[in-house]
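Two complexes, one shared chain (chain A), two partners (chain B, chain C).
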Partner chain A sequence: MDERFTAVLLPFLKFHTDGPLEPESDLRGLGLDSMQAIDLLFAIEDAYGISLPDEAMNDTTFATAGNLWKEVSAVLTGQPGAAAPGTGAA
Partner chain B sequence: MSDTRYAPPPGPDTQARPGDANTTPVPDAPDAPGTGFAGRLRRALEPLPDDAGAADVWRALGRGGITAALYASGHPAGPVELDRLGALLAALDARGDNGVTLSVLVQTASALPLLANAPGERCATARARVLAGDARVALAATDEGAPGSDLTALTTRVAVRGGQLALDGGKRWITNALGAGYLLVLARQRPGRHFTGFSWVLVPADTPGVTVTPADTSLLARSGTGHLRFDGVRLTPDHMVGRPGRALADFARHMATERIAGAYWAVALTSRVLRATQDRLAHRVADGRPLWQNPVVRRDFAACLVRVTQLRALLDTVTRRVTADRDLAWAGLLKAAVGLEADAVLSRCAELQGADGMAADGAHRIRAEAAVLGIGGGATDLMLAQVADRAETFLDVLGAHP
Partner chain C sequence: MSAPVTTGPERTLEALADQVCAVAARHADHADETAVFPTEALAELRRTGLLALLVEGRHGGLDGGLADMVRVTLRLGRTDMSLAMIFAMHCQQVWAIARHAGPDLRERLLPWVAEGRYLASVTTGESTGGHLLTSETGVRRDGDHLMVERFAPVVTGGLHADGFLMTVRAADAESPTAVSLLFADRDQLTVEAAGAWRPMGMRASHSPPLRLSGRIPRAQIIGQDGDFRAIVTRTFGPAAHLGWSAAWLGTATGALARVLAMLRAPGRERTRTSSELLLTRLSRARQRLDVVHALLARTLETVTTADDLSRPPLQLQINALKITAAEECHRAVDDLVDAVGMRHGYLKDSPTGLERALRDLRSASLNYSNDRLHLVDGKLALLDPEVHFV
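For the complex of A and B:
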């Protein structure tokens, strides 16, 4: 996860205390509810100038910081993300 | 002069499409007296009788090019011209039929921009008919299976079966349900509460399996508010609107427009009632003096005037924030202020008007109808919770020095 990603993500995590954000950090547990996830989606797409693919639009993508970063970085590098067909992700 | 066009966060499907009607750009400023937006608006509304209903008003706005002129490109995929939308709502409010104003507000600020996301000939035809005023569209989000403040719990569902969409469920308290040619229905595609599990479905109102019943209320009578049932509704897949998994995101994208529009209407409505209240106070005599000369009455009236002036100033501030920064949290703060201030001002005005406020279309009825400003599109309590969630953002701005 790059610094810009965590900078965009952290304001949405109202229950996150000091400390590093780990890939396995549970976003819902840190305060990201479903409707706030929409604002996060906009913030990420604005920050990187990208559009997450339709296949990534599911709750697994937004479950952890690592899952979300995996989809963002996949778009940035042009590689298939975790949600791409055949990877087994929901 | 600041730019008051609001372009929502860009979606991939928000470009005007060939074949859409009314794609001629509309000039921003009036060209000559009577030929600008204000003149066209006046000419569109003046011929209408005082008791014109939502269908007649919508037709006049469409045929007069007013509806298309609300969008920078003449197409609802384009940025919304917020100053024009505000002028339209003020002009409608001056006609005094809150139901008609609500009907137009929902279609122009939310339903049409959402419909702009729809690809395909079928949706383009619907969009063109609505823009031209030949049909109305109802935005059907509030579900019979969940409160409006809990959209992700909705139970109306759409599934793909045998190559067709199958829609079942119900919607409640839907503006324009009665008389709409099209219903834009928010439905669940997957179980769970995540925002990616929903879709918009464009349903022609005469589709078999669709039932419309009037809402049991005398308020906002001409808003066409009613309840919808979908029982075994079958549609071809081209009735699906927008990209998979993005229905609620698309909805949120346009929510800021509706909240700013609601504030424009609230300012117009409270100003109208304040003026009527002042007029009554000036002509109502107690102890040989007009009530307007009573210090307590004047103080309360002035407090209401301050509230409305603050709301107008907040509207300008939020419009700048939303258009420049696209931070939708500010629109939520504005919505909370509208819910709080409109009710406070209208309640006090109704009291100041005494028994006259109880008249058939008097201040008490207006106050009751204006309660929709604190309910529709996000209840005031929900908006306040969102303000609390973003408290640091607002405090940072309040505490900042130039």
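For the complex of A and C:
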């Protein structure tokens, strides 16, 4: 997780107190609710100029900081993320 | 053309549901008039074993699944929507226990349910309304126990329940989104009515505000502490939308069937079927119900076969069922009121029963508000930019 990622993420986590954000940090427990997931997604996509795949849009991706970062870094490095492949079009 | 012959367990379930309907029909007018709980019909649900429909056979239940719950709820809805909702929501609680309770709790609760216990759901809050994923009710931890002080503005059948599944903010959690689902036996709680129940419809659901307090073992938390969300996505939400939609569709189906029976009966009303306006209105009502029925069947398949229900296209379909069923079932009965007019459509004592069905169905769009669900769906739609259908 790079600095830009945590900087984008932190404003969505209203219950995060001091201390570093860990990959296993529970985003929902820290205040991210389901209605904000899309706003967070837009913020991340704007920050990196990327677009996350539809396949990554599930509860697992938004469960922890590490899961979300995995999807972001997969797009940045051109590698398939945890959600792909095989979960394609429904 | 002959009707398909239904045999085996399906036939038996429908027969059991009809047995309950026969009792419910005798008391439904009185229950509606006086806004009291249908205790006779609940006793029949107990006696037929239908309260344990979703409990496995080895625990003494009927070994049914969601498809069975839908089938029985449709049947009950034809006679009384309050009863159908009471049944469907009880099944939703049982399903949550069966799928999410730890092994010890499950082994203890399911045989207890199979003995004929009725479970109520406590998920509403003073300022959160029906919003499931926040809870303002903090619980205090006391060793291995939780001290609960809970107010809920709407609890269907709460004063008649043998047990409750209630949402509480996870002990010591800062975040209101860390919500847990807690089982409480009636005997572990003090349950007080905190107001009267004087609604427009759904009067027999007897859903007054309640105040519940007690000291509950932490071991009675269903699923992970603070992770009610997982239960909502996988079980609670889908079961609610399937069950409610079945109750609404059943209600509108019963209304249409009674109107058709009146029009088909020998006598004066039969001559009205030459009216093109009447035919068009009957067609429109039937069309609405066919749409809801098709979506209900499709969503049932999605819920029972999909791996990950959290994906937006699946959530959207489950929510579309609820919104569509609420709107179309109400509109279908409203159409029927126009179709048969003042005497048969509007008067309380008409054998078509449209007046009560319409009042009852008015609650459908409010019962977890369609407006709120549209806000969720708007966000979900944005999360599925390529627009996948399931």
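Simple rule for what comes next: the second predicted complex is superposed on the first by the 85 of 90 C-alpha atoms of A that agree within 3 Å, B and C clash if a C-alpha of one lies under 4 Å from a C-alpha of the other, contacts with A are read in each partner's own complex, and residues count from 1 in each chain.
The working rule: a contact is a pair of C-beta atoms (placed from the backbone, for glycine too) under 8 Å apart; a residue touches a chain by one contact, two chains touch by 3 or more.
What you see is a predicted model; the values in this text were computed from it and never measured.
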Practice problem: Using the overlay on chain A, decide if chain B and chain C clash or can fit next to each other. | Solution: clash
Exercise. For A:45, decide between first (touching chain B), second (touching chain C), both and neither.
Key: first
Quiz item: If you stack the two complexes on chain A, which partner ends up touching A:35: first (chain B), second (chain C), both, or neither?
Solution: both
Quiz item: Just chain B (first), just chain C (second), both, or neither: which does A:15 touch?
Solution: second
Quiz item: Where does A:57 make contact in the superposed view: on chain B (first), on chain C (second), on both, or on neither?
Solution: both
Exercise. Share the list of chain A residues that count as touching for chain B in one structure and for chain C in the other.
Key: 14, 34-35, 37-38, 41, 54, 57-59
Practice problem: Please give the residue numbers of chain C that touch chain A in the complex, ascending. | Solution: 133-134, 173-175, 177-178, 226, 229-230, 233, 308, 310-314, 375-376, 379, 382-386, 388-390
Quiz prompt | Parts of chain B lying in touch with chain A, wherever the complex brings them together | solution = 9, 12, 151-152, 190, 192-197, 243-246, 248-249, 252-253, 326, 328-329, 389, 392-393
Quiz prompt | List of chain A residues in touch with chain C within their complex | solution = 14-15, 28-35, 37-38, 41, 54, 57-60, 89-90
Exercise. Please name which positions on chain A make contact with chain B in the complex.
Key: 11, 14, 34-39, 41-42, 45-46, 51, 54, 57-59, 61-62
